[in-house]
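These are the structures in question, set out in turn.
Consider the two complexes below, in which chain A is the common component and chain B and chain C are the respective partners.
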Partner chain A sequence: MRPVRHGLCQVADKKGSGEVRVALVGCPNVGKTSLFNALTGSKQYVANWPGVTVEKKEGVFLHKGFRISVIDLPGTYALDYNSLDEKITRDYILSGEPDLIVLVGDSVNPEQSLYLLLEIVEMEKKVILALTAYDEAKKMGIKIDKYELQKHLGVPVVLVSSITGEGLEELKDLIVDYSARKGVLHKVHLDYGEAMEKRIREVLNNLTDLPIGAPPRYFAMKYLSGDTQFYQEALKSGLPELSEEERIAFKISLSKKKRELIENVIKEAYQSSEEKVLSLSEAIDHVLTHKFLSFPLFFAFMYLVFKFTFETAQVFSDLLDLAFTNLGNLLVERLGENAISSFMADGLISGVGSVLTFVPNIFFLFLAMGFLEESGYLPRAAFVMDRIMEKFKLSGRSFMSLLLGFGCNVSSVMSTRVIDDPKERLVTILISPFMSCSARLPVYLLILRIFFPHASAALLFSLYTLSILITLLSSSFINWLFYRGRSSPLIIELPRYRFPTFRNLYLYTWNRGKHFLKKAGTIILLASIAIWFLTYFPGNGNVEESFSASIGKALTWIFKPFDYSWKITLSLFYGAVAKEVIVSSITMLYNFDEVELETARSVLGLEMDPVKAFTFLVFVMAYIPCIATVATIYSETNSLKWTLFSVLYSFGIAYSLSLLVYKIGGLVVRS
Partner chain B sequence: MKLFQVTPGVRVKVLRMDLPGDVQNKLVGMGLIPGAIVEVVKIAPLGDPIVFSLNGRNITLRKKEAEGIEVEPVDEVMPLYLAMFEDGEYEVVEMFEGKRFLEKVKKLGIFSGERLTVKNGTLYLKGRPILLGKGEALKILVRGVKG
Partner chain C sequence: MNLVMFLLTALSGILEFWNDRLLGFFILVISLVFLFGCFEKQRERYRAHLFVGSVLVLFFAGFSLISYLVSFLMPLLGEEPKSLTLGDAVLVSSGFISILNVYRGRRK
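Let's turn to the complex of A and B:
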């Protein structure tokens, strides 16, 4: 074991300044995002990849006078162009934009990570191997000789732990040093044996002009193994067609050779204690996916999530609520009753404030979801629930996306990108708006507290159950309508359990929750101002003579069967912008504060009875997705037709379902 | 035998894969190729999907897909249940607990060291056919006898 020196240290000592672009590549669940968080801290921002709405996470850190920007690429097992994530990752690596690639691998089970590494080595890119979760490996008694890995793989290797921080400085040094170096550490040439090498040479000899964007040898191998992208390109440039058997056989042989090499490398570089003990992860798994315990536990967890979100967070919500109400009252006191004080108090503070009071709920919900996702429980839940999902032509994978919908439909629509099967992905996109997102919660809570002060929890639960039922049945229906095919397979990895770190949870919650704050500051602020204007003028505060009244009255025919007043109709109309707006428009139109439940009860009670109120909630639960979701559906499906379908379908479902509830409720209660 | 027939705890080697192109591509990318050694770790509470381990990683797969993967046992010793998929001669190595069960096999004449023959999926002991349930066949460990 002769240590191989990088021979780069002199560069690091020089005081330099410059920019380095680093791309993080790795398999799903290896702790890529943890490393990203550990490197960049909170200096990260999320945008979209051009043309698609796959999240592009970027972060920056400074090291030795260099400004290093890090891009967290989507997690992939291979770079075969099979899924959107694989496409994005491969295109970005081949684009030449990153100066350096950091392959984030798993210290404990490195095979797949090394496979991915070899793919990138064959793309002739500069890459560093960062084996993460090194603390776990050490705990398991695994010894890793990084110089041995370095020798065989031809890339610098660093062992890191995002949790203890071990190796992070070394990685940062290495990023700066290695990016400044010309060429790679040493070139590794993978020999695939005479027969295959001959085929590759033949192809290379037949290449008339060099392929764009990929090294020739890599291109030739991808052509021979029938790669989705390069095979077509090769045909266009005049290479002959290959039979499918030939392509598959070549692909498997390539993979086999790589795996053999990896096996040997691991044999050389890895030492582990032989005795196999039941690991903690396996023990937890035994319980959580147990034949009889798994379902009760799943529902218990869901219940805890809800309790945490709605009860624990309520204390903070109430405080905020109090603050906003007092602020509004104070303003009116100081300024007197006029257009300006009304604008400030009823328009801005009441409108935005009524939504902001739900921010604690939303942040707590994301915190809980973050815990489930980061700990590794979510894929287990998908595994346990898959059989049920399959009945509705979905899979455990779409289950994970749908579950996120309880937080926000936008995030659930976006998360469908992990679903490989385009049909299943589309169906999941179309049904996910039925998952009752946290924005609908304020409406439920407001109405339930007014009309059902003693049964709000049970009715809230029934609304959520209803939302899940409609989501699932819609999947069956849409599949029946358009596809009638088989459901897509469930191939997911169950990662080791990890206790989520504070930093990861905080970033998870903040990165998602801040959208709501942004929404409150933009869409909802604008909507509140617009609604205030429409409601204040031209009657100077007299709602009955306002523009809103005219709009509302013009729309009441839509809800004729429900007998909704124009105010309720109008709140639903405004609520199409964002569901939270329903709350602010109701409080504005009826002119009450959220805390004044008695006033609210007396005003709303004139127009609504409990049945009507609950019907209203059923409608709110199901009717058209908010503007942000519609926009996301459009950008994800890239189809006006499906976007329109989603809007019309959900409206139709909401309408017929609430009518049903109204009629049945009427029969039961009023008789 | 097919991967979906394999019971938890048994290591098998992948022989052939016959799956739709996209599924095969994905599995090959994850390292499931002919020659790979996998172990079925667990079956979901509702009977489907299964989890198999490959190079220390746990991956889920529905039985529908596992039907397209032809495998053979790696270890000499395997449950009798799996041995029934392959014609041949087997020697009983060990039998697991269960008072009732042990009484039953004793009555049938199955003891450790006894030779069993599998032919066309039927089990024979000294030339006479024997019927065993799946649960029972899982409790008997056998070793293949060459010849």
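Let's turn to the complex of A and C:
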């Protein structure tokens, strides 16, 4: 590999513009979001991309009179246009919208980040290399010569730590300084050797126009390596077809040359003071990905998470519940028993309060999951589960998407965009709603506390395990039904283990938990008002003569085999809007406060026994996705057929499975 | 040290098993980390088992301790606070030893 040649640096003042758009690009798990937060502070917000609904973060900060907008793009290992994330990132970079790109790389393992950097450099974009986790590199005895990196790569390099704040001011200064200049600052020309350069020159000579707006050399290289987008565009503009062998060979050579360069650069710029037989991460991995221990340890972690969610958080939930109950009673006492006090106490406070009492459980769940994710364990779990997932025609990458479903099925469905294989992606979208989301947790907790007070944590764990099992079996079934294909291999860069920082844990828990609070203040509030109205009128508080009773009684035939009362049937019907609404419906229809468990048990016990109660939970675990998830499935698949399939299939599975549980449970109890 | 930790953790797993089957079972799973460590010939790997096993014991012991402390809020709901079982006590003791193991493991 010949040395890199630096081009001309054309410098000019950028007049009349105090605004700069900076795109953060980088591989997943390099600390991109941490850097984004460190740069933008509390001004960040989440926005949708125009046209596509990928979640990106955009934040703003002011520095030296400049208003700097930072766009945190989805993490990607390459810009090959294979997955949706790669497409979005590349299109955005090539669009010319960002004034500057900050390539976020990992100080300790910079190889893949430098690979990504070289590609952006070839796009002839203004780019700064920000190597994060510099504090960790120093702790590990790694010395980085940033001037050596700058010399070889032709881009400015900043060593930063989002935790200690080191290098952040330097990065901000650099952003402002570069944005005030025009043109490409560091035009780098990587020399790939005579044979490849000759091929590139031949293509350049035949190139008449550039339909995508990329630099000619970059376009030629992408065409020669058979890039999906560029190759098609090149054929349209008259370039000849290439054999598959030729394209693959060029792509491999291109990658090999880049890897060689990166290896040399790292050799020159990196110095490690200590040679350990096993690093801390390797030592932990030796045990957590152990041949025999990895699976039981994964389940041990999951069990502890649910135990923590149920047992530790329960006291706080009960205290909240007590507060809402007292508030309701106080209102009735003050206002007397009439329609207004009923609306306030039974409609608003009981309806929304019954859901809000589970806020501690949900926040504890996210705190525990956040700890596992931030520590770096969850990617290992995906790696460990890959062996099992393969048997169900999925990969560990699907597992990562599915795990998000424990929080919210909407984010789970959206996160499937990182899955390259369209078939695997579709299957993952269709099975995602079976992962037990946090909205279902309040329903589980309510029923478990009433009917199974001494085995709640164990049954909660079993419901979550069952949801994973149904998800995996559904994958096999859908694959068998439509594709009969194989899963794609999992290629994942395992991040280092880290002790989660308080700030990151707080952000993780709050960002996910606030979604639940927002729902309580919007959908659940509106649903509670509607349910109260339907339950209060026209019988003036007599539930049996209400609109709800008419609707519920008209629907009971659906659950005749389960012998569900109209109230239970109606709560499932209302729950189609959002699963938490089931809790509001039950408390309003049966008119009890959760804190009075004995009352709740005696009221619900008239219509439900423990078998029926568990059957109900199994049904809630699997039945149709909420409206938001259905809408997301539609927007992601762009197909009414698959959306309808998802709804009908999940209903069918929920119905059959709960019927099975009901029959078997009945037999066991009777014997 | 792996052997000592295995015995302690297995004991607390067995004791917990009578109160909470699943919790006891998973503590026994954790004890296997130390047991497998006993058979490691390479020093680094032996230490890796001790370190990771101790971190896991810390999680479980921490959970027991937090649950116990939080239960002091229960009188506000008119209920009795939780009492520490023998299994919990052994687990928390293992947790204290684990702190030392983790501290030493990180330094090495």
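Observations on the structure shown:
Keep this in mind: the second predicted complex is superposed on the first by the 637 of 671 C-alpha atoms of A that agree within 3 Å, B and C clash if a C-alpha of one lies under 4 Å from a C-alpha of the other, contacts with A are read in each partner's own complex, and residues count from 1 in each chain.
We adopt the following convention: a residue touches a chain if its C-beta (ideal position, glycine included) is under 8 Å from a C-beta of that chain, and two chains touch if they have at least 3 such contacts.
Computed from a prediction, not measured in an experiment: that's the story for all the values here.
When the two structures are aligned on the shared chain, A:N591 is found in touch with neither chain B nor chain C. In the superposition on chain A, contact of A:L304 is made with chain C only, not with chain B. In the superposed model, A:H290 makes contact with both chain B and chain C.
Legend: residue contacts after superposition of the two complexes on their common chain; A:V315 is shown touching chain C, with no touch to chain B. By the touch criterion stated above, A:Q229 is placed in contact with neither chain B nor chain C.
Once chain A of one complex is fitted onto chain A of the other, the partner contacts of A:S237 are absent, as it touches neither chain B nor chain C. Which of chain B and chain C touches more residues of chain A: that partner is B.
Contact with chain B, but none with chain C, is seen for A:S255 once the two complexes are overlaid on the shared chain.
In the superposition on chain A, the residues of chain A contacting both chain B and chain C are 290, 292.
For chain A in complex with chain B, the residues that touch the partner chain are 77-78, 80, 82, 108-109, 111-112, 115, 248, 251-252, 255-256, 259, 285, 289-292, 294-295, 379, 382-384, 386-388, 390, 396, 420-421, 486, 489-494.
If you check the complex, the residues on chain C that touch chain A are 20-23, 26, 29-30, 32-33, 36, 42, 44-45, 47-49, 51-53, 56, 59-60, 63, 66-67, 70-71, 73-74, 76-77, 106.
Residue ranges on chain B touching chain A, taken from their complex, read 22-31, 33-36, 42, 44-49, 51, 55-62, 64-65.
Considering their complex, residues 277-278, 280, 283-284, 286-288, 290, 292-293, 296-297, 299-300, 303-304, 307-308, 311-312, 315-316, 318-319, 322, 457-458, 461, 595 of chain A touch chain C.
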